[in-house]
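Across the two complexes that follow, chain A remains constant while its partner is chain B and subsequently chain C.
On to the complex of A and B.
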């Protein structure tokens, strides 16, 4: 039952991504790619916090690293930037291993803020060191030559199909033995450890996967903007988006962050076209997140799903 | 040479005293409420902006009244936020809910501040304090650092007396050690929580005013101050006010000395120092 569903999800995702990439105009594709990136980031924060039980306030570190390493690699070599788009996230995943081994010594809230310090250190380093771009930032010039065409169609396709593939992969992962161990560990760490789950190794696994996903998001996003700077790439707002979106939609579900992302972009586009400033928009998002935390701490999606189950009397998942 | 290093050390210690104050506030809230209050940084900036507004209205206002005004304003705000939001969030079993709630509050407060004051950096000068100085044994000390040092010591002493000698302090210690038993013998938890939140916010505001007088302040300053406060708490040890001041002084000295050799570094070396100590503790296993 699950396998055909996953396969049809992949097929629908593939055709929708292809159709979208061929029909929409560049401006729309830019917005849609951004939405795909936020969907991916939210899912990665959700994997770490909602499924792994590790709340991090520093995932923007991996987002920024993904963008920066792609720019540095593509500008400094003749290797096409599409290759770097594949390689960079894996490299950032490798970097996440030593970072995780240190930061895991901090527990709970301390881990959260410790990761934030890591992000701040990276931000300061990239701002400070000239060979990493310095305060002026870097323009994407693959192999040293300016970009002549804008690859937004292919980029959107990669982002959209990549996101659907990530969802399918996460569905399969959560059904696997490792995934079940992860859920057990989140709900009862001591019990899971007693059953032979290596808590530390599981934490490291989701931490590295989350870093890879965030880095892929950063690499994709900054190809669309063609320019990266430390002030933008490592900024707190990236983290605030992934966190608010997951909290509002529902942590620990795969649908919740998608719902949250749609709410996020609906509010943003509506408020921007109504002429409100960026600050007002963040006030609304912050207030919404606080309200959801206090009134429905599990998020909006479980609320909707439960009321649906109650109405139809059907136990759907 | 010796003269400059003594002056640098003095500057570092006074800055560190302020870091100690903000760290002590964060440690207090964590010790009693079990909440890492991520809106603590916003209290620091709001305190500074209250001072900017007060000085804007009455330019001749003495420093003591400016500090009192900022303290009262932020203490009231801190008490309100605790009573209206954080206390409710603390009712959930998951300790991450209150932390994320304070994070949401911080985002709202920060952007409210941006909308009302603009995102620019503001300076703050109370009664020409930043320009005046005192000569002592051939070395000059600014009046502002001296006021800062006195205030830091004052806060440290008051906080210690409050916790060790008063009924309120006894309730606080009881609540932090055994909350259930404290409630059983008649400690009103919620009321103590609100008082603690008000106290921490008020002290953050005091530090915010003096930090703004040292350099300047923008609505976005809260983020870096929050991180420093957190580093102070981790380095100084939980619930240890004395440890908080020692850690604050260490980070303050690192910041002053590093900015002497590398003007654009900002807080890079402060964060790196914190992280290095963390790694050393992690390797030597003195961190659980």
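On to the complex of A and C.
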């Protein structure tokens, strides 16, 4: 029953991504690609914090690294940028192993702040690297030549289908025995260790997967903007978006962060088009996050799901 | 009654643990043999739960050694000890709230007992049946009552197929008829394994354990056949102020 569902999800995702890429105008494609990137980032933060129990305040480090390494690779070689789009996240995943092994010595809040420090160090480092333009940043010039066209249609297709494929992969992962261990850790990490689960190894696994996903998000996003700077790529705003949409939607569920992302963009787009300036929508997002944390601490999706279960009595079947 | 130590399955020698300089367990020697059920009693703060934590590996010993089947496991991580055959049912049930009862048991069957494929399903069904949880197999653990959660915690430990089963106050908070159900369950688990049962309610241990250990202030005070230790004046002194009928 699960396999046909996953396959049809992939088929629908593929068709929708293709149809969208061929029909929408460039402005819409840019916005939709950004939404896909945030969906991916939120899911990666959720995997780490919601399922793995590792609250990181430094995932923007991997987002920024993904963007920068893609620019370095694409600008410095003749290899097409979309090859780098595939390679860069895996390379960042490798980098995450030593980072994780060091930062895992810190627990809970110390780990969270430790990851923040990692992101700040990288930000400061990239600001000072002159061959990367320093604080001025760099422009995407694949093989040294300027881009003549913006590949927004291809990028939207990659982002949309990539996101659907990520969801299907996560669904399959959570159904596997390793996924079962992760679900156990989500509910009770001490209980999981008492069942024979190597919690530390599981932490490293979700940490690396999350780093790969965040790096893919960064690489994708900065191809659409054609320009990257350390001040933007490593900024805390990326983390805040990941956290907000995961917490509002519901940590530790796959649907929650999707719901949270849709709410985030609905508020942002509605308020911006109504004439509110710059970051005013963050006030509404902040108020919403506080309200959700007070009224439904597990997030909106578990609230909806549980009231549905209460009505149908499905859980006690 | 003291067993020759070469027959011991689990053997702790001089095992100690302090928290911030305050000794919680002070140089305890303890042997457990296969087929043996040992009760542990003692007042609050006697170090009973810490001792269990040291045996299962959620606490690391400051001093002393621990061997399982002759193998030194003193510094072995908890998940590896579980795989080697030491499992604990904790005082506060460490169940997985958003997983079904069956999945709560699948986890220790896969990662603790290292079973694969259909063996997992059969073993989970067997444990469900044994622990009286079969009817609730598809209920999420967060919707269970206290007795069922206590049973599930015991079932989770059992699902790892332990040779040493450590029970930490699995009867606490239950009514008398419920305690009798737990006693019957533990009694049925004695064959082929060693059981160490820490409990505040002595009557639960009396029908199950043939050996009794008394702890006080981190040290092992008494260790011997249940009735002999039970009648020891030193035990009565430790429990002074508790009327006899409350212990009966």
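Here is the rule we go by: the second predicted complex is superposed on the first by the 309 of 317 C-alpha atoms of A that agree within 3 Å, B and C clash if a C-alpha of one lies under 4 Å from a C-alpha of the other, contacts with A are read in each partner's own complex, and residues count from 1 in each chain.
We take it that a residue touches a chain if its C-beta (ideal position, glycine included) is under 8 Å from a C-beta of that chain, and two chains touch if they have at least 3 such contacts.
Since we're looking at a predicted model, the values are computed, not measured.
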| query | Looking at the overlay, what does A:194 touch: chain B (first), chain C (second), both, or neither? | reply | second
- prompt: Of the partners chain B and chain C, which touch A:180 in the superposed model: first, second, both, neither?
  reply: second
Worksheet item: What is the contact status of A:289 with respect to chain B (first) and chain C (second): first, second, both, or neither?
Response: first
Counting residues of chain A touched by each of chain B and chain C, the higher count belongs to B
Dual-contact residues of chain A, meaning touching chain B and chain C, are none
Residue positions on chain A within touch of chain C in the complex are 177, 180-181, 183-184, 186-188, 190-199, 252, 315-317
Within the complex, chain B is touched by chain A residues 49, 55, 57, 102, 105-106, 108-110, 112-114, 116-118, 120-121, 124-125, 128, 236, 240, 243-244, 247, 277, 279-280, 282-283, 285-287, 289-290, 293-294, 297
Per the touch rule above, chain C residues touching chain A in the complex are 56, 58, 77-79, 82-83, 87-88, 90, 94-99, 103, 106-108, 110-114, 138-141, 143, 156-157, 159-160
Contacts from chain B onto chain A in the complex sit at residues 30, 36, 38, 85, 88-89, 92, 94-97, 99-101, 103-108, 110-112, 114-115, 223-224, 227, 230-231, 234, 264-268, 271-272, 274-275, 278-279, 281-282, 287
